[in-house]
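Look for chain A in each of the two complexes below; its partner is chain B in the first and chain C in the second.
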Partner chain A sequence: MNEGRCVKCGSCLRVCPVLNDPLGEQFPGPRTTGVDAARFLERDSIGQNALRCTMCHACEWACPSGITLTRSMLKLRSEMSAEWLPGHRKMVENITSFGRTVSTEFSGWVENGERTLYFPGCIGLGRSTGLTLSVSSLLTSLGIKHDISSQAMCCGSPLIKIGALDMADDLRRRNMEVFSRYDRVITSCPGCTYQLREVYGIEAEHLIEVLKGTDLRSKLEGRWALQVPCHLKRGLSPWTAESLASILEGAGVSIVRMPEEDSCCGGGGGMLSGFPETSSSMAGNKVDMYRRAGVDGVITACPFCSLNLGREGIKVLDIGEVIAPKR
Partner chain B sequence: MSYALVVGNGAAGTFSSWLLAKRGWEVTLVGRGTPSTALSTGCLRSGPNLCRAEISEFLNNEKMPWASGQREGISKIGTSYRCWMSPSHSTWKEGETPKSIAVVGLDGHPSLLPRVVSAMLNGRKIKATPFTIPSQVPSDVPLTSSFRKDEAWEGLAEELQGLSAEAILLPSLVGLQDYHRLDQLEGRCGRNVLEAITPLGSPGQRLADLMLSKAAEAGVTIWDGRKVTALDVENDAAIGATVVGGMDARHISAEAVILATGGPLVDGLVLKERDVSDPLGKFRIVRSKFPLTGGYDSLNGMLINIDGRPMVNVAGAGDCLSSGSREYGSGLTEALENAYRAVRALEGT
Partner chain C sequence: MRTDVLIIGGGATGAGIARDLALRGVNCLLLEMGDFCHGASGGNHGLLHSGGRYAVKDPTSASECALENAVLRSIAPFCIEDTGGLFVSLPEDDPSFADTFVGSCRKANVPFEELTAKEALRSEPELSSRVTRCLKVNDGSIDPFSLVQANVDDARSAGAKVLNHCAVTGMTVENGTVVEVEVRDRRGGIPASIVPEIVVNAAGAWVDEVAKLAGCRVPMGLDQGSMLVMDGRHCRYVVNRLRSPSNGDIIVPNHTSTILGTTSRPAGAPNDVTVSREDVDLLVRETAAMMPSLRERRTIRTYGGVRPLLGGGGRGASRSFAMLNDERVGNLISVAGGKLTTYRLMAEKVSDRVCEMLGSSSNCRTHKEALGPPANGKGDSISAVRLVRKYGRSASSVDTTDARVVCSCEQVLRSEVTAVLKAGDALTLADVMRRTRAGMGYCQGFDCALSVLEIMMEQNGIDPVPSLNEFLGERERGLEHTSGDQLRQEMLRRHVLNGVYGLGVRE
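Entry: the complex of A and B
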C-alpha cells in the first residue's frame, strides 16, 4: 500500500459524500480509515463507524498523491474485529443458506446451454426483477442468446466490503464452475462486473459495453437526468461511464446533464444494508437535486442506485429498460 | 485540425489546453487527482509579466468576480496576505484596511479561530472582535456542504445582524457555485464581507474547478480521473500515448503534447528519497541539491529527451519543469506563464 504518500491536504475529505451528508458525521472519514488506520497497531478496534463508507472511490480520484484509499479501507475491513452490523449479519446468513445477499424473487431462469451467460447479480434477482427481464429481452432482441443460470451465486463483492474474504473466496470457487461453461459473461451491475474482473479475472462485460456501437432507439418520453454509478465511472472505466450518456443521447433520450450526476447515491459498500438511514439521507439529497432540475426521472446503470434512489420517491430506470434496437 | 494531448489538470494544463483550443487545436486533457492549484489559496501572488490579458480572460467568471492590483487580505491564522489577484471578497486594496473587523468562527471548527485571529489583528493595530456562532459541523468535516442551502445562510445572516464592525471576516464557506452568496450576505448585513485567505480548502478548489470548466467550455475534451502511463515517441516526436482509467486503458494519437503533470507531491514527477525522476522514462531531468526542486529540462519550452536532443512536439509547463522554483506561493503565476510559453513553442512562434 502507498499510504505513506499522504500530504494531509484534505482533498479526500472535501469530496467524501458521506462526510458531506448531514448524517455522515460519525464516519471517521477517508483519511482516518484509508491512510491513518493502516499505521496503527490497534486498528482492529476501530469500530463499526469505519464501515460508514460507500466505497465510491471519490477520495481516491481526488487524492493528489495517488493513494489507493479504497484498497486500504478494504484491507482495514478485513482486519477489523468489530461485530457485524445487523444488516450485514443478515446478508451473511442469506449467503450461507441460499448463496445470495437477498431472497431470490426471480423465476425466469434460462438454462439452454447457450455460450453467453447474463449475470444479473443478487439485487437483479431479488429486488429489481423487472430490470433483469428487460435486460434479458434487450439482449435477445440484439441477437445475443444467453442463459440466466440459477446456479450462479452472489459474486462476493458485498462480502469483501465487510471483510469476509474467506466466504467471498468460497463463492468465487463455486461460481467459477458455472462460469467455465460459458464464453461470455454479461452483467448489469457495475459492482458485479468489477468483482468478476478484479477478483475472478473474467473479462465480464457491463451491459453498456455490449450496447456501444449498436443502433438503438429510445422508448421514453420526457427529460431525464443521469445517476452515473460510482463503480462504473471510478471503478470500471470512466470511458464506459461516458458511454452511458452518449448511448442514451444517440438513441434519442432527452438527457439533462448536471455536475452532481456522478456523486454517490449512498447505496454502495455495504451502506444500504449496514446503515440504511445514512443511505436514505444521501439518496434523499440527490433526489432533491434532481427534483430542483425538474426532470421526469433518473436513468442509471446500477441496480443499487436504482433501488436506493427509487426508495426516495423518484422514478428511476436502468439503461436496459429505456432503449430498444432500431428497426 | 491538429490534435494535442495535454497531461495535467492543474493551472498549467488547463490554461494551455484552453489556449490551444482557442487557437483551433483539438485538445484532449488527461489528468487525475487534485492538482496543486486546488491546494493553493486560490489567489495569484505575483502579477504576470506575460499574457496578462489571456490570464484575465481565462479566469473571468460571472459567479466569482476578481480584484487585481496591490491587494491585501487576512489569512485564516490572522497573518497579513498580499497578492496581485484574488476573488473580490478575499482582499481589499492595499492601504484601505477596514477600521474594524468582526472575526467570525464556527464553534468547534478549526476553519477560522476568532480569538487567535483577533489577537493577531489587534497586534497589528487593526481593531478586531472575536465572534463565535453555534455550529454542529465536526472539526474534520469541510464547511462548504453545510452552506449549500438557503436556510444555512439565513441563519448566518441573523447571527451577524448585531455586529457593528466595518467588515466581517468569515472562514471559507463557498465553492464556485455558491460564491454569489457572499454578495447576498454583504447586501443583507450592510457590511463588507471578507473571506479569510485559506489554503487547502474551498478557495483553491474553486479556482481549479473554474479553470477546468473554462477549458471544457472552450471545447477541450476532459478525460478526468485518468493517467498517461506511456508516451510513444518516434524520431524525437511524440505520436501518441497510453491512458489508463479505472480498469480500462486507451491509446490516443497526438501531433503535439504538453506535459503539465505537476511536481513530486501531486503524483507528477516520481519522488524517491530526495531525488525526482521522470515516470515516463523519456525525458531528461535537471536535478538540484535541494529536495523537491528538480524537474524536466527544457529548451525554448520543449522538453529534452534522455539522449539530450530537444523534442519536436513535446513541451512542458508548470511545476514539472526544473524552472519551477516551488517557493511558497509563487507557483500559480509561473505555471500560467510557462503554459503560455509551451503553447507558443508548439506553434513555433
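Entry: the complex of A and C
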C-alpha cells in the first residue's frame, strides 16, 4: 500500500461526506482509517466507528498524492476485531441462509439459456423489483434477449465492506459457475458492476453503458435533478457517470445539473445497514438541496441511491424506469 | 538564593547528576538554558550502545557502554526498546576487521553472537543479500527525551530543584572560588543570583563557554554529526556496519521512524548543527549499502548534533569522559566527553567527587533504583504501553478517558499535551513535542501544531504566529534536500501552509 505518501494536506478530510454531516463526527475520518491505522499496531482495536464510511471514494479522488485510501480502509476492515453491527450481522445471516443480503421478493426469473445474463443484485431482487422488471423489459425492447438467473447470488461487495473476505470469495466461486454459462453480464447496480470488474475480473456492463449510443425517448415530464452514484463515477469511471446525463438529455428529459449531484447520498459501504440514522441524515441533506432547486424529482442509476433518497420523501427514479426506445 | 551544588546543563549528564546527588540527600539546583536535551542529548541517534562500535579503537568506552547498557535496561526499561543489534560486513569491507572486532569484543566484555549470512537475512529480511558476515550484539534503541525527563522527575521528587529555560550568564570568582552565579530566568522561578558551594559544569558542547565565565578553559573538540529520519520502521534490529567506525554506519529503528547516521566534521560552535546536502546523500548511500530498500523511503527530517569530545575530535577521538577541576577555581568541576549510554556512570563519578568535596560519605544509588516501570506490563493495551514508553511513572497522570488525538502520526492524546503543560516546564511548541512526540512524526508537526498551539494559547497565552513559524521552520529542516516524487509532495505541503493557512515559513 502507499499510505506513506501522506503529507497530511487535509484534502481527504475536506471532501468526506460523512465528516461533513452533522451525525458524522463519530467517524474517525479517511486519514485515520486509511493512513494512520495502517501504521499502528493497535489498528485491529479501532472499534466500530471506523465503519462509518460509505466507501464513496471521494477521499481517494481528492488525494493529491494518489493514496489508495479505499483499499487501505477495506484492508483495515478485514483486520479489525470489532463485533459486527446488528444490521451487518443480519446481512451475514441472510447470505448464509439464502445467498443474498435481503430476502428475495422477485419471482420473474428467466432461465432460457440465453447468452446474456441480467444481474439485478440483491436490492434489485429484494427491494426494487419494479426497477428490475423495467430494466428487463427495456433490454428486451432493445432486442437484448437475457436470462435473470435464480442461481446467481450476492456479488459479495457488501461482505468485503465488512471485512468478511472468505465469505465473499465463496460467493464469487459460486457465481463464477453461473457466469461461465453466459457471454455477457449486464447489471443495474454500480456496486455490483464494480465488484464484478475489480474482484471477479469479468467485463460486466452497467445498464448505462448498454444504453449509450441507442435512440431513446423520455417517458417523463418536468424538471429532474441527478444523483450521480459514487460507484458509477469514482468506481467505474467519470465518463460512464457523465453518460447518465447525456443519455437522459438525448432522450429529451429536462435535466437540472447541480454541483453537489455527485456527492454521496449515504447509502453505500454498509452504512445503510450498519448506521441507518447517519445514512438517513446524509440523504436528508441531499433531499433538502434538491427541494431548494425546485425539481420534480431525482434520477439515478443505483438501487442504493434510489432506496436511501426515496425514504426521505422525494421522488426518485432509476434511468431504467424513465426511458424507452424510440418507436 | 544559596545551594550546595549548582549543576549547569540539563542534558543526560546534568539530569543524571541532579538525580544522583538528590538521591544521596545533597541539596542541589540544576539550570538548563534551553529545554532539557536541547544539545547533544537530543541530537543523537537514540542508540543504546552495546559497546561493539568502540570495541576495536576505544576499549575503555566499549567496556563502559557494555556495563551501562545492562544497568540502563534494568533501571529505565520503559524508554528502551530491546531491538538487539547486528554488525554486518559487505564484500568491500576489510575482512580482517571482523576478526579484530571479535577479539576486541571478547577483551572488552562486549557480549556478541555470530550469525551466518543466511540467519542474518532471516532475522532481518531487509538486509542486503551481499552481507558476508554478521555479529549480533545487545544494542537497543533509547528515547533520550523520556530518559532525561525521568531523571529530572526523579531528582525533583528526591528534593532537587530543576529548572529549564534558565541560562547562566555570569560568574563571580573570588579567591579561587565561584561565589556568585548570575542567571537569566525565562520561565520565572528563581532569583537572578545564586550562591553555590560547588558548581558542576555539565554543559556538554557549551562546557568551554561556561568555564570561560569563571575564567577557565576546557579544551574540547566540537564535532558535528548529521542524522536522517526516515518515515516508518524498516528494521527490527539496530543495524551497524562491521568496519572501522566511519560515516553512515548505523541504522536505528526508533518509535515510528528509522534514523540513519552519522557523519563527522569539525563544528565551528556548539550550535553549528547544519546538515549539508552531501551528508544527506552520503547517509542514504552508505546505509542503503546495508539495507537497499532505504533508498525508496521518504526522508522526513534531518538533524544534527554537536559531540563534545575529549581532546581533538573526529572519528579517532575517545568517546570516554573526564572530570576537570581547574586549580585556579577550586569549586568548579567541568565534565567533558562521554556518551548518552554512559551518562549514568559519568553522573556517578561526578557525584562521588562532589560528595568528597562536601565531606559527605553517602553512596550512589542510581544503578539500583529504577527510574520507571517496564513499558510492556501484562495485559496493557498498545496505547497504554505507548504512554509508559514516553512518560514512565508519570504515565498515570494522563487522562485516558479523553480519546481525542492531537497528533495522528504519533497518536498523541490531547490530554497528554494538557498534562505536559500543567507540569510547567514546556514553554514552546518544541518543548511540548520533546515530551509528547507531537510533531515528531511523518508530517513533522504540520497537522498537530495548530491543535497544540490552540491548547497552549488557552493555557499559557503564547504568541501564535511567530511560535508556529519558528516551530514549523525548524521541523522542515532537511526537506530542502529532497528531490523527485517527494519534492512534489513537499511543494504541496508548502502550498497548504502558505495558501490555505496563510503562514509563511522561511519566506
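Worth pointing out:
By definition in this document, the second predicted complex is superposed on the first by the 327 of 327 C-alpha atoms of A that agree within 3 Å, B and C clash if a C-alpha of one lies under 4 Å from a C-alpha of the other, contacts with A are read in each partner's own complex, and residues count from 1 in each chain.
Heads up, the rule we're going with is that a contact is a pair of C-beta atoms (placed from the backbone, for glycine too) under 8 Å apart; a residue touches a chain by one contact, two chains touch by 3 or more.
Since we're looking at a predicted model, the values are computed, not measured.
Overlap between chain B and chain C is detected when the two structures are superposed via chain A. Touch criterion not met for A:Arg172: it reaches neither chain B nor chain C.
Applying the stated contact rule after C-alpha superposition, one finds that A:His146 touches neither chain B nor chain C.
When both complexes are overlaid on chain A, the residue A:Gly10 reaches chain B and chain C alike.
In the overlay built on the shared chain, the residue A:Trp61 is in contact with chain B alone; chain C does not reach it. Look at A:Arg77: by the touch rule set out above, it reaches neither chain B nor chain C. In the superposition on chain A, A:Thr240 makes contact with chain B only, not with chain C.
More residues of chain A lie in contact with B than with the other chain of the pair chain B and chain C.
Legend: residue contacts after superposition of the two complexes on their common chain; A:Asn20 is shown touching chain B, with no touch to chain C. With both structures placed on the common chain, the touch criterion links A:Lys161 to neither chain B nor chain C. By the touch criterion stated above, A:Arg127 is placed in contact with neither chain B nor chain C. Once the complexes are superposed on chain A, the part of chain B occupying the same space as chain C corresponds, among 259-267, 295-303, 313-321 or 331-339, to 259-267. In the superposition on the C-alpha atoms of chain A, the part of chain A touched by chain B in one complex and by chain C in the other spans residues 5, 7, 9-10, 31-32, 64-65. Contacts from chain A toward chain C in the complex involve residues 4-10, 31-32, 36, 39-42, 45, 64-65. Partner chain A is touched in their complex by these residues of chain B: 32-36, 38-39, 136-138, 140-142, 144-145, 177, 200-202, 205, 223-226, 245-248, 250, 262, 265-267.
Residues of chain A touching chain B in their complex: 5, 7, 9-11, 13-14, 19-21, 24-25, 28-29, 31-32, 61-66, 194, 197-198, 233-240, 259.
For chain C in complex with chain A, the touching residues are 231-232, 256, 297-298, 381-383, 405, 408-409, 411, 442-443, 446-447, 489-490, 492-493, 496, 500.
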